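In what comes next, chain A is part of two complexes: it sits with chain B in the first one and with chain C in the second one.
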Partner chain A sequence: MKRYLAVFLGILSAIGGFVDIGDLVTNAVVGSRLGLSLGWVVVVGVIGICVFAEMSGRVAAVSGRPTFDLVRERLGPRVGLLNLIASMGVTVLTFVAEVGGVALALALVSSVHHLLVVPFVAALVWVILWRARFSHMENTLGILGLCLVVFAVALWQLGPDWGDLAHQMATANKPTQESWMVWAFYAVALFGAAMTPYEVFFFSSGGVEESWGPKDLGVMRANVLIGFPLGGMLSLAIAGSAAVVLAPEGISVENLGQVGLPVAVALGKVGVAVAVLGFVAAIFAAACETGLSAGYSIAQYFGWQWGKFVRPREAARFHVVLALVTILAIAVLMTGVDPIMVTEFSVVFSAIALPLTYFPILVVANDPDYMGEHVNGRLANALGVVYLVLVLVAALAAIPLMVLTEMGTA
Partner chain B sequence: MNRPDEPLDAGLHLLDRQVVDCHGRMVCKVDDLELRQYDDGSLAVTALLAGAVVLVPRLGGRIGRRLERFWDELGIQQADRGHPFRIDLAEVQDLGSDVTLVSDRHRLLRREPEDGNRRLSQLQGMTVTGPDGRLGRVIDVRLEPTRHPDRRLRVVSLLVGRGRPGSFLGYDRHEEQGPWLLARLVRWLHRHSVVVPVDEVEVIDWDDAREVRCSGSGTATR
Partner chain C sequence: MRRTLSAVVALLSSTALLVTLTGCLATTDEAAGWREDARVAAGDTHSQLMTVRLVLVERDGLLGRYDATVVRDAEEAVGTASDDLAKSQPPRALRPTYDRLTTLLDDAGSLVAEARTAVGERDTSRYADLVRRIERLAPRVERMEKELRG
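Entry: the complex of A and B
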């Protein structure tokens, strides 16, 4: 019974954990501008994150080695360091976006300017990273994040023409006023939002935190293969409701309030209350995860003690990094930069940085010295190679598309 | 030491691995390995080295050299600034996906002078010439455990090829290691790589020409 409860909790927190500020904003923006014509990218991205997370989770469970240990061990200190700098850049950028996102969500209900909320949010994140038990943090916030199911309810309440939505998704039928270039840019952004590198740093390091062994592979797979796709459904519901409510009015999403607007139209005040609770929980969870991921990556590259499975004083350098990253996030947000814009950059840069960590994981997941009998099977390798090509294409296309479309505004 | 019944590759199986103490607490990375050349010319790995002193030079290139000087200048007044942390191989309990030590990490690492010993990273990347000319560079060093009380790992052969150290990604070890496409690509890039047994190594010129001269041309990796 206890075991089933653990599986169930894991799946629930994987659903909530999948959605962060990047998914919320990008899906709503894309839904409002391009309808569901990019819905298939969410599907491709979700399968991709399943492949990636399953491999890194399996490596972590079998060998006890999290992502950045493998990056340095397989690629050496030189390429590993470039990798660390790039991944840290993206993770910290995402962390800034998440902290700003929580502040924006709280600003929605409090009518206080979000800059006044930022220091408190950041301090709370830091206290949780410092004191809270790992499993408590993950489960509580992940499950509260399930409030975002309200988007699926809203979409159902709006009673859209399901045939039309399915048709848009299947035929990649974009509105005629948007160019294919913008469409391609948002395809890369959505892919980056679904396959953010921090999710994998966090997932594999979390596996070591919770001391997974080969016997936990089943639970790990259930979390990934059920939780992430359900999280992807939430993303689609967000895009779908934006497509139904915002697109016909010509509203393009520029703030978090507009992301929640379809829920307000469909379900009124109560819906909004649930949606905001979902925003706060899901983004807050992601803020904790990205903060930890920044600490995990640096500590794993240099070989310092990391993790919340030891007391903070035993992992002093790790906790110093967490504190510094938190201060940095406050400093960046206090410049008055728009967190939504930071989010848009972070998802595109995620797509660029992705191959750097994907490649070494794919290699090590095949290495019998590490994995013994648990090396990649045929399916994992077939999908693994397909996605190696996909992440490379997305990474190479990202910067040209970003420049040509001026971040999708042109 | 627990693992090595079969030969292991210094670069692939030891370098950059996580070092943990007897309680599983993390200590450092294996930033480099100490190589000792004995009077009879034989080579062995005798200790793990750690710290920025040995890590930074491995970054290589202009930036690496600049960082190295910068690191030195930050502690110019320290007598042991240039000495790495050294962990004797006798301290190692187990070699697996990490390196487990026999003792607790508290006050464990000590800076020690290198006393004319070499580092693995100095051998890696060295040009190798055979009787018929250049064979390539040292990519990795194959080791074998010994019964000696200091637990030294004897160098038995050099893996020589055209790529950089680590560029084999482990694909030389197992024939069946996938994914197929990647394995084919890596092996094709390394189709000229050879294994040179240590008896064929005549001279290692550490300081001037930085090259290894051999009497044979080695055998193909497969």
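Entry: the complex of A and C
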């Protein structure tokens, strides 16, 4: 019974924890401008994150060691450093976006300017990273993040033409006023948002934090293969509700407040209250995950003691990194930079960093010395290679598309 | 001598032609660039006007200060669009378009500021009138965006 509860809890956390500020904003922007014509990218991205999260989770469960640790050992310090720089850059950028996102979500209901909230949010994130137990943090915030299911309820309540939405998704039928270049830019951004590198590092390090072993592979797979796709459904619901309510009005999403408007139309005040709770919880959870991922990456690369399964005193350097990253986030946000703009950059740069993140995982998961009988099978390798090609294409296209479309505005 | 003169004339003609063509291209680029900036400003403003309209229409569906925050953000965005456009120099030929657009953006800015005041003061009696005025202005901004799109 306890085991089933653990599986259930893990799945709920995975659903609630799947959506972060990047998914929220990018899906709403895409829904409002391009309808569901890029819904298939979410599906492709979710399958991709499932493939690599399962691989890195399996590596952690079988070897008892997290991804970065093995990447450095297996591919050498130079490739490890390249991997570290690419993923750290994106993770820190995402962390800044998440902290700013929580502040924006709180500002929605308090009317206090988000800059006044930023230091408090960052301090709270740091306190949780320092003091809270890993499982409490993950489960509580992940389950509260489930409040975002309100977007699916809202979409249902709005009573859209489901056939039309399915047609837009199946035929990639974009509105005529938007160019194919902009469409391609958002395809890359959505792909980057769905396959954010930190999710894999957090997942595998979390496995070590929770002492996964080979017997936990089933639970891990259930979390990934049920939780992540259901989380992806939330992303589609956010895009769908924006497509149904905002697109016909000519509203193009530029801030977090606009993301919640379809819920207000469909479900009124109660719906908005639940949506805002979902925003705060999901983004806060992602802030904790990205903050921890930054600490995990550096500590694992340099071979320091890391994690929340040991006392802070025993992993002092790991906790110093967490504190420094938090201070950096406050410093960046206090310059007045728009957190939504940081989010848009973070999802595009995620796409750029993807090959450097996922290639080493594929290599390690194929090494029988580490994996023994749990080494990648044919299906995992075939999917891994297909996705490596996809992430390479996305990475190469990201910067030219970003420049040519002026971040999707042109 | 005659051959030298012909060469000089040919060189000068080519240079003049090149300069003219480059000038034309530059002017065309400048005009296209300005039109694109103007289109983005008009599109952003239309989007924000419609956002404010939705907030006013759905006044019973928004809790706490959510509506005030969304309208305040809309006001900031309209101001940014207007400021960005003001910084760019329109080509002479597009001056009338510039004047029409800046007038529209100014009107939008004033209307959204009025909406922000009404929402901030919870003066719902003004909402219907504001919605009507937005519904009159927004299509004009949208038409301008389409015109700039060409």
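Just so it is clear, the second predicted complex is superposed on the first by the 410 of 410 C-alpha atoms of A that agree within 3 Å, B and C clash if a C-alpha of one lies under 4 Å from a C-alpha of the other, contacts with A are read in each partner's own complex, and residues count from 1 in each chain.
Just so we're on the same page, a contact is a pair of C-beta atoms (placed from the backbone, for glycine too) under 8 Å apart; a residue touches a chain by one contact, two chains touch by 3 or more.
The structure displayed is predicted, hence computed values, not measured ones.
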Check your understanding: When the two structures are superposed on chain A, do chain B and chain C clash or fit side by side?
Key -> fit
Review point. A:312 contacts which: chain B (first), chain C (second), both, neither?
Key: neither
Review point. Who does A:276 touch here: chain B (first), chain C (second), both, or neither?
Key: second
Check your understanding: Thinking of the overlay built on chain A, is A:160 touched by chain B (first), by chain C (second), by both, or by neither?
Key -> neither
Review point. In the superposed arrangement, which partner chain does A:363 touch: chain B (first), chain C (second), both, or neither?
Key: first
Point to revise | Per-residue touch tally on chain A - higher for chain B or for chain C | key: B
Review point. Can A:302 be said to touch chain B (first), chain C (second), both, or neither?
Key: first
Study note, to complete from the structure: Overlaying both structures gives a minimum C-alpha distance between chain B and chain C, in Å, of 42
Exercise for review: Report the residues of chain B in contact with chain A in the complex, numbered from low to high.
Suggested key: 13, 15-19, 25-29, 31, 50, 55, 58-61, 64, 96-98, 164-166, 169-170, 173-174, 177-182
Point to revise | Contacting residues of chain A [partner chain B, same complex] | key: 63-65, 69, 72-78, 80-81, 299-300, 302-306, 310, 314, 362-363, 366-370, 375-376, 381-382, 384-385, 388
**Study point:** chain C residues touching chain A - in the complex, by the definition given at the top
**Key:** 36, 40, 43-44, 46-48, 50-51, 53-55, 58, 60-66, 68-70, 72-73, 77, 138, 142, 149
Review point. Of all residues in chain A, which touch chain C in the complex?
Key: 107-111, 177, 245, 249-252, 254-255, 257-258, 260-261, 264-265, 267-269, 271-273, 276, 409-410
